[in-house]
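Read from first to last, the chains carry the letters A, B, C and D; within each, the first residue is number 1.
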Amino acid sequence: MTLTAQETASAVIPDADAVRLSVRGLDVGFTGRDGRTRSIVRDVSFDLRAGRCVAIVGESGSGKSVTARTLVGLTGEGAVVDAAELTLGDVDLASATRAEWRGIRGRRIGFIQQDALVSLDPLRRVGSEIAEALRLHRRGRRAHRRRRVLDLLTSVEVPLPERRARQRPGELSGGLRQRALIASAIALDPEVVIADEPTTALDVTVQAQVLALLEDMKAHGSAILLISHDLSVVAHLADEILVMRAGDVLEHGTTSEVLRAPRHPYTRALISAVPGAHTRGRRLAPQQEPAPDPHRVRPDTAGDGPVVQARGLVKRFRGGLLAVDDVSFDVHRGETLGIVGESGSGKSTTARLVLALEKADAGEVRLLGHAWSTASERARRSLRRRVGVVHQDPLSSFDPRWSTERILQDAIGADAGGRSARDRRVRDLLAQVALPESVRTRHPLTLSGGQRQRIAIARALATSPEIIVLDEAVSALDVSVQAQILDLLGDLQREYGLSYLFISHDLGVIHHMSDRVLVMKDGVVVEQGDADRIFLHPAHPYTRELIGSLTTLENPDDNGGAS
Amino acid sequence: MLSAPVGALTVLWGAATATFFAQLALPGDRATTILNIRTGQAQARTPEELAPIIAQFGLDHPILVQYADYLGGLLRGDLGTSFQQFRPVRDIIAEQLGATLVLAVAGIAAAWILMVVWVTLTAGRTPRIRALGSGLDTLVAGLPHYWLGILLLLVFALHLGWFPVIGGSSPADLVLPALTLGIPLAGFMGQAVRTEFEHALEQPFVLSARMRGGSDLGIRLSHVLRHAVLPAITLTGWALGSAASGAVIVESVFSRPGIGQTLVAAVGSQDLPVVTGIVVLVALVYVIANLLVDVVYRLIDPRITA
Amino acid sequence: MTALAHPSPTRTAGRIRLRTGTALSAGVLALFALAALAPALLAPREPTAQDFEHALQPPSRLFWFGTDEVGRDLFSRIVHGTRESLLIGVGAAGLALLLALLLGSLAALGGRLVAGLASRLIDVLLALPLLLFALLLVAILGPSATTLVISVGVSSAPGYARMVRGQILSAKNAGYVEAARALGHSRARIVGRHILPNAMRPLVALFTMSIGQSIVWASGMSFLGLGVAPPSSEWGALLDAGRAHLLQAGWLTFIPGLVILVLALAATTVGRAIQEHLEKGEGA
Amino acid sequence: AQSAALAEGAAPASGGTIVYAHQQEPPCIFGGWIEQAYISHQVLDSLVSRTADGEIVPWLAEKWQVSDDGLGYTLTLKDGVEFTDGTPVDAEAIADNFDYWAAGGNPTAAVWLDGFYESAEAIDPRTVVIRLSRPYTRFLENLSQAYFGIQSPHALQTRTEEENCEAPTGSGAFIVEEWNRGQDVVLVRNEDYTSWPADAEHAGPALVERIDWRFVTDATTRVAALQSGEADLIYDVPATSWAALEQAGYTLEKYVTPGRPQQISFNTVQGPFVDENVRRAFILALDREAIVSTVGQGVIPYEGNGAVSRATPGYSADAADAYTQDITRADRLLDEAGWTGRDADGYRTKGGETLEVLLPYGAGTIINADGVAILQAVQEQAKAVGFKLDLRPLSPAEHFSGEFSGADTHDLSVGYWTSVNAGILYINWRPSTPEKPNLSNSAFYDDPELERLILEANSESDRETQDALYRQAQEYIADRALSFGLYDRLSTLAVSPRLQGVRQEQSQGGPSFHDAHFID
């Protein structure tokens, strides 16, 4: 982090380790429509100290964000908050008035929200979003504010800050947006910074940069509360870790204690569920036996040859953007081909070309030995059921009018026999992706991102395909569920010889799943080969950079240099 | 879709042509109507009586020739001469369209003010207030213009004497007509904007603005409103484009001049050049209004392109 | 322990209120339906029966809504006018939507030429003043309920058509359409099961809203002397007929206006409820 | 002659602007429609003026002489009168105007001249001779209508049609200053006015400086404008507001227009009304007086006479009283005519055909809201004896197209025609012949006997005999049940007490502002 002289001066920590924010016995509940209060978070206690970082980890829905929002008085409508102590320096937050809260938010506590990509007003310029905190707290005149905005953007390492400040969030990449959001949260040098999932949905390279940024802030005396469901992310930054599940703090200790010697079985499961090089060929979840799929027969492996054969694929979009440039690969029966690459590198486009949902400008795809990309849609239709797909954005891939059940039934189609057979099949599919029966009648819109993704997987499995194209199929899942799904996919592959085209930006997942890996950058395949070869001995400089920025759990001691 | 000048021209040509030929379907003979209007009688006429009128306006030419003449005139910017007023149609429209546009703009402004205040105050509040807010939207959207206008007139002009009953062209005279036009429009816009407003209120960037220390009202006005107004802009374009039809009753109640009245009279008297001319100009207003809407759209939401 | 009291407005009250609002609206609609089907059940008198002795009576216990200049009972007239008014409202709204569907679907789903022509046609129709259409139609067909239905319906169609086109276009590009294609479903099945039903969804609320609007429009036509022929007691015509007596017998104008408002409000409320239900529940 | 009418006593205050709220806006100021007559009366002088008691007095014509055969009218013009464009109002100008009207310059004037007028000739600058082809005793009365307003021939010839339409040049008390279409016509005083009519109350130019002749279509708005003081007087006072305004101190003026009243005529050549008894039965079914007095609230006069109104010289009360409600007789007549069956709704039938008759009417053009109420009451009463009367409102386009005026398009037609005397009978009842069609004969009743009566009356120089002949014609029409009256057409004004001296001009009832002035 490049700092101006003035900031460097203020960054000399006056009293390191001083408690900035203190939480004791925090309980949060929500009063529902029925008037009953549901407890969400119970008995959370921690201290945020200057120059220190406390991390909260835990699965989705465990109450991490609720806890964080409570610290700025924005728990939500109908919230009931109870705490033995809730103080920010000398201020008792429990009795703060609306106006006092407004004075605290942004100025004393900076908050980086979970949904980073949509947390900046898409219609306003990035510069004015960042300046808003200054304006609200009456810091300086317009010209001064503008200068300050540029300083801030520079400090969060946004290149070309002048230009970025004039752009709107939509014109910025995810990583830049995340950094702009951080800039707006720290505009007033808050003594406490809360970062809720600051790296989810970011490429590994960008993720590493954001973590470095937080590290720098910590080094300059901010007290940081970091929230993540990803242990490998917090491993580098946190001094203390709270592990939460379903609103309870299961474990609370220093980072090395928690990671090295987890006391609670849940923590242990969490650690072991993180996929990576060391998990290859292993089941991630400790539990159950592989579930055989009774609706499937093992395809005869006779007539072996690549199930997918892509040759010289080129796709150019309007405006001349070359999204896919001369991509060729084969996927063999029973094999997983992983595709990695930063956002926009052409992974999804490649997948869509393979699926013939997009017409290639050049090149050809053959599928299961048949002409595919050159055939008519009518001819393709009969083959389509043998190819499954999990779309990157599952929500929009569901008809919003349809319930989960109807979506699955529609996919199962007529070939599953009568009504009761279809019902049974739906239930089995839901069980396979570890979804409760109750989601059957729900609409995807009302489900969580992870649940939606699992329904998308269930739908892809519904036609008993031989090939499945999975585009970021597990990105919205927290590690424990992700582990189950990855295990399921592995089981099916071993049992029935399925082939996967597996797209992910998560190198750990790719390494865990893939037999072979394709590395893409700007539409071009920069490297292609055996997974271990690529990960252990990357040949191309880009691949090396990619793998270099990978944060793993294996070296938890190597956390930021502040302390 | 109308951004291309070709599209705009097609629309103008289409409107002119449709209007020209649709009028052929009007009952009776045009010359007879012209003569009857001049006498205030309604009866059939003898050929001798009609001859001068037919000769005067060339009504005996084949219809396609008349159409070609009309289009030719249109290309030269000549909208023809009124059969009844003997004046160039351009003058007639220039006079009346201005009055209608002033009223429409004032009405739209009133609608915006009312709508913004009402939606900002009531959207996304407690269920009771929300129900009140959207209930009132629906209610006023269904107010017949005549009904509302006469009510305002009786209360505010006759009984309270705050405004004139029969106004001229001063700004105060515009208040009641503008409200009559604006209140139902505000209800319409409110219905559409409210949904968007409540949707936008739930977006993460709103929470993020709160986390910077923004006040509720400040956030509603500076962040949320902008996300919610697009449908109202569309409606504004529509209201501007349909001012000729929409304002006619208001103009009648408050005895203001206007293009709607002129159109009604011209259709009644089969004054073909006036009718067609009005339609062409109204279509032009519509086209321009749409272009403006597109521009404003892009100003408000720069993500929208072409 | 300190307690942080967050403002927690209970939703319960509002929910119930909202439901009572919907129920009330549904009740009102049912009453209107009854009036349309069996007016004699509700109306105490014949709608055209004159009673010169009781001309221009204000609302009273005997004449709930008062009487007009020839002593006809306004309440009975309103009840008997329900059928025609609803016919105009529902008919015009239905016609508008039907035309809009046709034009909109052609413009969104048709081939290059058809779609282009349909889109242009929509634009031209939109640019034509509604009033002109109404005036011409009445001049050609003569004033009647049918004329009103056609003129109001056709003139509001292009606006809706544009909406339908937009809806279909966005549904066409939706992810679920692609997902259905990936499942190997046929084009007809995709259009029928996904594109059209999804594009139609917002039209329910639109339909109910335009019922009220159509009646209001029809009353405007009566104002211009283009309404239905007497002695019909279509509400718009009643509203207009009352005008002559506004200063001395205001009820003749204000009560029909209120009735129109109540119908518009009830229809819209019920329409919204249906819409919400569709949005949540299984699509019909 | 005019000096006699000069106001004695203090001269009334001079100046100010009268705001007059009128109902309808005409396309041009001068023309053949009554709305045009109202306003052109302020701007154009006529040759003669008609007083309240029906006397014809000098205006632009100082005196006149009728030849013994009744065919030559020698008019002597006032000296030194000029049009506002400076050209003299001389005999040549008058002759030019006659030719202009007859050629269609004013179609209504042309109808009045039709069949009588032969030529106009200037003898010397102040003397013009009008020659008729047959005697027309009340010829000069007709000339008092504003359709016969005298315009500057110079202006007619040299200015564009548009200019003559917007601001005709006459010699009248006011000049058109400005026409804000859709809103008002501003009239400004003619400071050099010298040609006031003999019945004017004062000599000299008009007393007020300006008239703001506003067009306020909505009756409620008009009344509200008067009550709020924004208008000084309003035209066409709704019957329901009459009593309230009178009580509040406004002066209410009512002029019953002579000529054809608001009447219904039967189609005597097609449909059920070919049968005279069916026509009679229809009239007998109605209690017209009760209907009109209920709807008209005592303001609108009932008129039983279908030919001319009570304000017309030579009016026949007998013709008016020819029919009073007699349902028994109506039923009997219908039974006799063979309409004995009844259909499901109770309407009479004959040979399976329902007794259904169509009455189209110009909604908002000739039939106002009160008129529609009256027609609906007629409909209801006709139903009682078994007539299914269909009312068909006509949009202005339909109405003026004349499409519903043919014999095969309707059974009944309703309408009025203002006039100053019973000469209207000739226009309405002259038989239609192939050579000389009369499309104004709405009963299609071509009867040479009736024509003879009317023509004889028109030419009769003795008033008594003439009136008797006119009465005979009316009774002839009533006897044959060709047409029956409903109510008299009114021109009404409500005037603020501040404003005095507004007269209703006595040929058509419009306001005359020459003598109008404000009092403090």
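In the analysis below, a residue touches a chain if its C-beta (ideal position, glycine included) is under 8 Å from a C-beta of that chain, and two chains touch if they have at least 3 such contacts.
Going by UniProt, the chains are A = ABC transporter ATP-binding protein; B, C = ABC transporter permease.
Just so you know, these numbers come straight off a predicted model, no measurement behind them.
For chain pairs B-D and A-B, the one joined by more C-beta pairs in contact is B-D. Chain centres here are means of the Cα atoms, and by that rule the chain farthest away from chain B is A. Our note on geometry: chain B versus chain D, Cα centroid distance of 38 Å, whole angstroms.
Chain centres here are Cα means. That of chain A falls 50 Å from that of chain B. The mean-CA centres of chain A and chain D are about 87 angstrom from one another, to the nearest whole unit. Chain geometry summary: the mean Cα position of chain B and that of chain C are 21 Å apart. Residue positions of chain A in touch with at least two other chains are not found.
Each of the following residues of chain B touches two or more other chains: 26-27, 150, 154, 252, 267-268. Residues of chain C in contact with at least two other chains: 9, 11, 15, 135, 139, 243, 246.
Residue ranges on chain C touching chain D, taken from their complex, read 48-50, 52, 55-56, 68-71, 135, 138-139, 142-143, 225-227, 229-231, 241, 243-249.
Chain A meets chain C in the complex at residues 25, 31, 33-35, 70, 73, 75, 77-86, 92-95, 355, 357, 377, 380-385, 387, 389, 391, 393, 395-403, 406, 410-411, 413, 443, 459, 463.
Listed in rising order, the residues of chain A touching chain B in the complex are 72, 74, 102-107, 111, 113-115, 118-124, 132-133, 136-137, 168, 170, 181, 184-185. Looking at the complex, you find that chain C touches chain A at residues 1-4, 6, 8-12, 15, 174-176, 178-184, 186, 193-194, 197-198, 201, 278-280, 282-283. Interface residues of chain D facing chain C in the complex, by the touch rule stated above, are 218-220, 223-224, 238, 240-241, 244, 290-291, 294-295, 363-364, 368-370, 372-373, 375-377, 379-380, 383, 390-398.
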